[in-house]
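Two complexes come next, and they have one chain in common, chain A, joined by chain B in the first and chain C in the second.
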Partner chain A sequence: MTISKKKMIEMYTTMYRIRQFESKLQEFFAASKIPGFVHLYLGEEAVAAGACAALNKEDYITSTHRGHGHLIAKGGDLKLMMAEIFGKSTGYCKGKGGSMHIADVDLGILGANGIVGGGGPIATGAGMAIQYRGEDRVAVCFFGDGASNQGTTQEALNLASAWELPVVFVNENNGYGISCPISKSMAITDIADRAAGYDMPGVIVDGNDVTAVYEAITAAVARARKGEGPSLVECKTYRWRGHFEGDACTYREKDEVDEWIKKDPIPRCAQKMLDEGILTEKELDALHAKIDTELQEAITFAEESPLPEPADLFEDVYA
Partner chain B sequence: MAQKTYMQALNDALREEMERDPNVLIIGEDVGQFGGCFGVTKGLFDQFGEKRVRDTPITESAIVGAATGAAAAGLRPVCELMFVDFIGVSMDQLFNQAAKMRYMFGGKTTIPMVLRAPQGAGIGAAAQHSQSLESWFMHIPGLKVAMPATPEDAYGLLLTAIRDDNPVVFLEHKVLYGVEGEVPDNAGAIPFGQAKICREGTDVTIVALSKMVYSALEAAETLAAKGINAEVIDPRTVSPLDMDTIIESVKKTHSLVVAHEAVKTGGAGAEIAAQVAEEIIDYLDTPIMRVGAPFTPVPFSPPLEEAFIPGAEDIVAAVEQIRS
Partner chain C sequence: MLLPAGSRFSLKHNILSILMTTVGIIANPISGKDIRRLVAHGSVFDNQEKVRIVRRIMMGLSSLGVQRVMFMPDYYAIVPRAQKGIHSNIELISAPMCADNSQDDSTKAARLMAEAGVGCIFVLGGDGTSRAVTKGNATIPILPISTGTNNVFPFMIEATIAGLAGGLIASGQVSPEQGCFRPTCLEILNEDGSVRDIALVDAAVHTDTYIGSKAIWSLDQVSQIFLTRCRPDTIGLSAIGGQLHTISPRELQGLHLTLGTVGTTFTAPIAPGLIEPATVTEEARMKVGDTIFIKESPCVIALDGEREVEVRRGEHVSVRLSAQGPLVVDVSQVMATAQQDKLFMH
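This part shows the complex of A and B:
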C-alpha cells in the first residue's frame, strides 16, 4: 500500500497535535488547573492518528476514558476541548462531561466513556443503524486491553459478527489496565486471538507505527464498507504516563518505560518523512510552530471562557 | 482511643477479619499490590498474599458473580467495585443471583459475601463516577445495605458485614476516606439495623445518610443559634432500616427532615418519610421535608457539581421552611 504524502503529513500533524495537547494537560494537572481525573494518551498517538486517518467525517467512533487523542484525530477543535477539560461553559459538553466524557457528536463521536467496555455495544448499535439505512459508513470502537475482558466487549464482538455489521474494533493494547498487566488478566498474549472465536479477522500491528496502523485499519474499513462484517485490529503500544495523572506507577519498571519511549511514534514518523523527502526540516519546524500557536490559542480561549451557571445544571437531562 | 481515618478503619476491619477467618478473601480490580483505587486494601496483599487478595481483570459482572458463587461454596468473599457506578455492569449477578438464591432455593443456601463500593460526588469525577445508589439496593429483598458515615461506624459495620450470612452492599463515601475520627480501642462489630442518635434535640428530627450526617450536624449548630434544637439520626444501614429509633424521635420532636446526597426522587428519604407518615402522621406538627440532589446526572464542572451536592444550608432551609 502506498500512502500519499498528504496522508503522511496529516497523520504526523495529528500525532504532534495530540502530543502537545496532552503535554500541556500534564502541566495543567500538576498545577491543579484541571478538576477531576485526567488519563493521558502520551505514547499512544499513532493508534488514534493512524486509525482516524482511515475514516471519513461521517464515520462513527466510540472512545474511552483515555479519549483526547481519538477526538483530536477525528478532527476535534482544541479550543472546545481545552474549554471542556477546564469545565467551562464554552466546552464541547458545556462543562457537563469533562475529560472522561469529552465528545464532538457532529464528528460522529459517540462519547468518550467513563465505563470501561461501555463503547463496544454502542459502536455495534451504530453499525446496526448504518446497515439498516444502507449507508456508506463504518463505526470504529476503540477499546483497551483491559476493556477486552469485559462481557460488554465480548457481547459486542459477537453481535457485530453474527449480524455482519460494519464495525472495526481497534484494540489499544498498552499492556496494562491500571496496575494489572495483561499477563495477570488473561491467559493469552494477543487480544487479536479472540477474533477467531467470532469468525472475524484478527490482525496485530505495531501500534507505534502510524503507517502500519493506518494500513490495517484501511483494510478493515474497506471490508466493513463492502458489507463483509467486522474486524479486530490489535495495536500494541504503551502509555508513557501513569494510568491517570497522579498515579505513582509503582507496578512497572522504569526500564520498561524507557524502552517504549525509545519507540516514540512521532520522531519515527518525522524521520520517515524526512528520509522520503516528504517534508524538509524547515517545513517540519513550521508545522510544529503552527500547532503550538493553535494550542496557545486554545488555552487562552479556555482560560478566558466563563464557567457554567448553576442553573445550567438542569439543562439537557431530557430532549 | 485512637484517631483514625475512615479509610484506615476500613483497612483495619478487613485485616482483622482476614486474620480471624481464613475463609475471608478479597477480590477486585487493582486491590492487590496497588492497594485499591482509593487505597482501602493497602498492605493486605503484603500480609496475606495473592491467594487472599486477588486482582481481577476488568470484569465487574464476574467479580460480583464469582463472589456470589464462592460464597455459595463456603467462602466469605469481600469484593470491591472501584466506583459504585460500575454496578451497572454487574447488576444481574447481584440482584437476580446473590440476593435471591437463598429464597429461591427454599432457604437451603447462604451467600455470605460483601460488595464494597465508594459512592458520592465531590471530586469532579462526573456522571459515571459520582452517583449515590443506595435506593437501588435497598429496593431488593435479600440484600443488606450499610452506609457508614464515621470511622468508628465504618469499622464496626464492616466487621458485621463480613460476618453476616447474607449479601451485604457496603457503601463508602469517597469524600469521607480521609476524614478522621475516634475509634475506641474496644470498638467492635456494630449490629445492622441500629440507628445512631448523633445529636439529641427536641424540635426537629433530621435523619441523614452517609456524608450528609456531617451536613446535618453542621445544620443543627446553625439552627441552634436560631433557637431550634435539632435531633440528628444516622440510620447507618438502610436495609435493615431502624424505623423504631426514627419514630421515637419524631414522636418527641413532631417534625421530620430526611437528608441524603442521592437524587431526591425515589430515594431512601422517600421510604423513611412514607413510613413515618404511615405510622405516626398524627404526631407531626409540620410537613415532612426531604433534602436530596436534584433530578439530574452529576455534572463535571465544579460550580455545577457544587450546585448538585446538597449541603447543610439546604437542611437549614428545609427546617425553616416547614416551621414557618
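This part shows the complex of A and C:
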C-alpha cells in the first residue's frame, strides 16, 4: 500500500490541528474559561487522523466522550466546535450540548457521546441503513477499552457481523477505563481477541503510528465496501492527560506517562516527512503557523459569540 | 533426594542437575494479530490459546522433573496465567525487566535468560518473535513454537511434545550436539560493516519508505528477496524461492532473488490464503559470507515478512549470509534420541 505525500501531509495536519485544539482547551479549562467537563485526546491523535484519512466525506463516524479528535479528523468546523465547548449560542448545539454532544450529520459525524459504549449501536444502525439503501458508504465506530466491556458494544459487534454490515470498529485501547487499568477490569486485555467470538477479523496496530493506523483502516474499509462485513481494529495508544481535566491521575505512575510521551506520534510523523523530503523545515513551520492562525480565529469566534438567552432553554426540546 | 510427584525421568540421569534446571519461556502476546487478518486470511491467534500452549509445555517439563521457569513478563501475563490453570509445583521467576510491549521485550528477555543460564528457551510467536529472541541470545538452544502468521521458522507442533523435548535438552538428558542445529541467518549491514539487524528466513527490499503496519501482503514494491531456506510447501516470501529450489534449514547456503516484470513467473502463497504471482528476473545461490549491496535508497528492508529497517535517502545497506543463526532444538531428533536411549522407559 502506497501512502502518497499528499496523504501524509493531510494526516500530519490533522494530528497537529487536534494537538493544538486540545492544548488550548487544557489551558482554558485550567483558567476556568469553559463550562463543563472536557476529556482530552492528547497523545491519541494518530488514531483519529489515520482512521479518518481512510474515509470519504460520505462515510459515517460515531464518537465517544473523548471525541474532539474524531470530529476534527472528520472535518468538524473548529469555530463551531470551540463555540460549543465555550457554551455559546453559535456552537454546534447552540451552546446547550457542550463537549460530549457535538454532531455534524452533513459531515457524517453522528455525534460524540456522553454514554460509554453509546456509539456502537449507532454505528451498527448506520451500517444497516447503508446496506438497506445500497449505498457506497461505511460507518466507523470509535470506542475505548472501557466501552468494549459494555453490553451495547458487544451487541453492536454481534449484529454487525450477523448481518454483514459495513462497519469498522476502531478500538482506542489507551489502557485505562477512567482510573481502572485494563488488567483489573478485563479478562482479556487484547480487545482484538474478542473479534473471533463475532466471526470477524481482529487486528492490532500501533496506535501511535499514523501510517499503521491508516493502512489497517484502509484495509478494513475496503472489506466493508466490498460487502465482506465488519472488522475490529485495536489501536494501542495512551492518553497523556487524566480521564477528564482535573483528574489528579493518582492511579498511574509518572514514569509510565513519560514513556508514552516519548512515543508521541506527531514528531515521529514530522521527522519522517523531513527525512523523506515531503516537507522542508520551512514548509512545516508554515503549516504550523497556518493551523495556529485558524485555531486563533476559532477561539476569537467563540469568545466573541453570545451566550444562549434564558428563553432558548425551551427551544429544541423534544420530550 | 526424592523424585517429584509424577516425574517420569529415568534414574540413569543426574537427578540433582534436572532439579536445578531452569528453562526460559518467551511468549509474545502480540503475535498472530497483524493486518494480515484484513488483507489476507490469517487466523486471530488469541492469548488464551497461548496460555493453553504454555500449560502443555509446563506439563511436559513437569513430567521430566524440571521445576523452575524464567519467563518474559508481558501485559497479558501468559505464563503466570498458564500456571494458574494447572497444579504444578514449577517455580516461576520473572525475567528482571520492565516490559514496554515492543519486540525489544523478547530480545531483552532472551539476553537475561541466557545470562541466568537457562537450559533452553521456548519461544511462542512467529518468525519475527524468534528473530527478536535471536538478537538477544546466540548460545542457549531455542525451541520456537508457532503462534504467528507466516510461520516458517517456528514449529507447528503439539506443545506437550515441545515441553518434553525442550526439557530433555535443558536438563542435559539429550545434548545439544545430539538434538540441536544452527541454521544460517541474514545480516543487514551498515555502510561501516556493522550489523544493523538480522533475519532468520527472509529479507526483502521494499521500495516504500515507511514501516506502517509492518506486514507485506503485496509484491508490487518488493524488488529483491534474500532467503536462508525455502521449500515448495512453505508460506510467505520463502514460498517464492520454494518454487525454484529446496534449501533445508541445515544447509549453509541461501538464495537471492531479483523480482521484476520480465522473467519467470510463479504463483506462490505469500500470506495465509493469499496466492500471488511473482516474476523472478534473476536468481543466485548465496554462500556463507556472501554480501550483496542494496542499490535502492531510500527503501525499507522487511525482515521475516515485516517491514523493519528504514534506509534513509542516501544511506546504503548490504545483506550478508551468516552461519551464526540461533541454536535450535530439533524436536524430532530429540525425541528419536530419547526413544533410542529409552529415556522414558520406567
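Everything below uses one rule, namely that the second predicted complex is superposed on the first by the 317 of 319 C-alpha atoms of A that agree within 3 Å, B and C clash if a C-alpha of one lies under 4 Å from a C-alpha of the other, contacts with A are read in each partner's own complex, and residues count from 1 in each chain.
Rule of thumb we're sticking to: contacts are C-beta pairs under 8 Å (C-beta built on N, C-alpha and C of every residue); 3 or more make two chains touch, one makes a residue touch a chain.
In this text, all values refer to a predicted model and were calculated from it rather than measured experimentally.
Participant: If chain A is used to align the two complexes, do chain B and chain C fit next to each other or clash?
Facilitator: Pair status: fit.
Participant: With the two complexes superposed on chain A, say which partner A:13 touches: chain B (first), chain C (second), both, or neither.
Facilitator: Once the two structures are laid over each other on A, A:13 reaches no partner at all.
Participant: After lining up the shared chain so the two structures overlap, which partner does A:154 touch, if you call chain B first and chain C second: first, second, both or neither?
Facilitator: After superposing on A, A:154 lies clear of both chain B and chain C.
Participant: After superposition on the shared chain, which partner residues are touched by A:277: those of chain B (first), chain C (second), both, or neither?
Facilitator: second
Participant: Looking at the overlay, does A:26 come into contact with chain B only (first), chain C only (second), both, or neither?
Facilitator: Neither chain B nor chain C is touched by A:26.
Participant: Once chain A of both complexes is superposed, is A:1 in touch with chain B (first), chain C (second), both, or neither?
Facilitator: second
Participant: How far apart, in whole Å, are the nearest Cα atoms of chain B and chain C in the superposition?
Facilitator: 17
Participant: Would you tell me the residues on chain A in contact with chain B in one complex that are also in contact with chain C in the other?
Facilitator: Residues common to the chain A contacts of chain C and of chain B do not exist here, since the sets are disjoint.
Participant: Under the touch definition given earlier, write down the residues of chain A that touch chain C in their complex.
Facilitator: Residue list for chain A touching chain C: 1-3, 183, 188-190, 192-193, 195-196, 201-205, 209, 211-212, 214-216, 219-220, 223, 231, 233-234, 236, 259, 272, 275-277.
Participant: Across the complex, what residues on chain A touch chain B?
Facilitator: Within the complex, chain A contacts chain B at residues 35-37, 87-89, 93, 95-98, 100-101, 113-117, 146-147, 149-152, 177-180, 184-186, 250-251, 307-310, 312-314, 317.
Participant: Which chain B residues qualify as touching chain A in the complex?
Facilitator: Against chain A, chain B makes touches at 29-30, 32-34, 37, 55-62, 85-86, 88-89, 123-129, 294-297, 299-304, 306-308.
Participant: For a test of understanding, state which residues of chain C touch chain A in their complex under the given definition.
Facilitator: Result: residues 29-30, 33-35, 37-39, 44, 46-48, 75-77, 100-101, 208-214, 218, 221, 298, 312-313 of chain C touch chain A.
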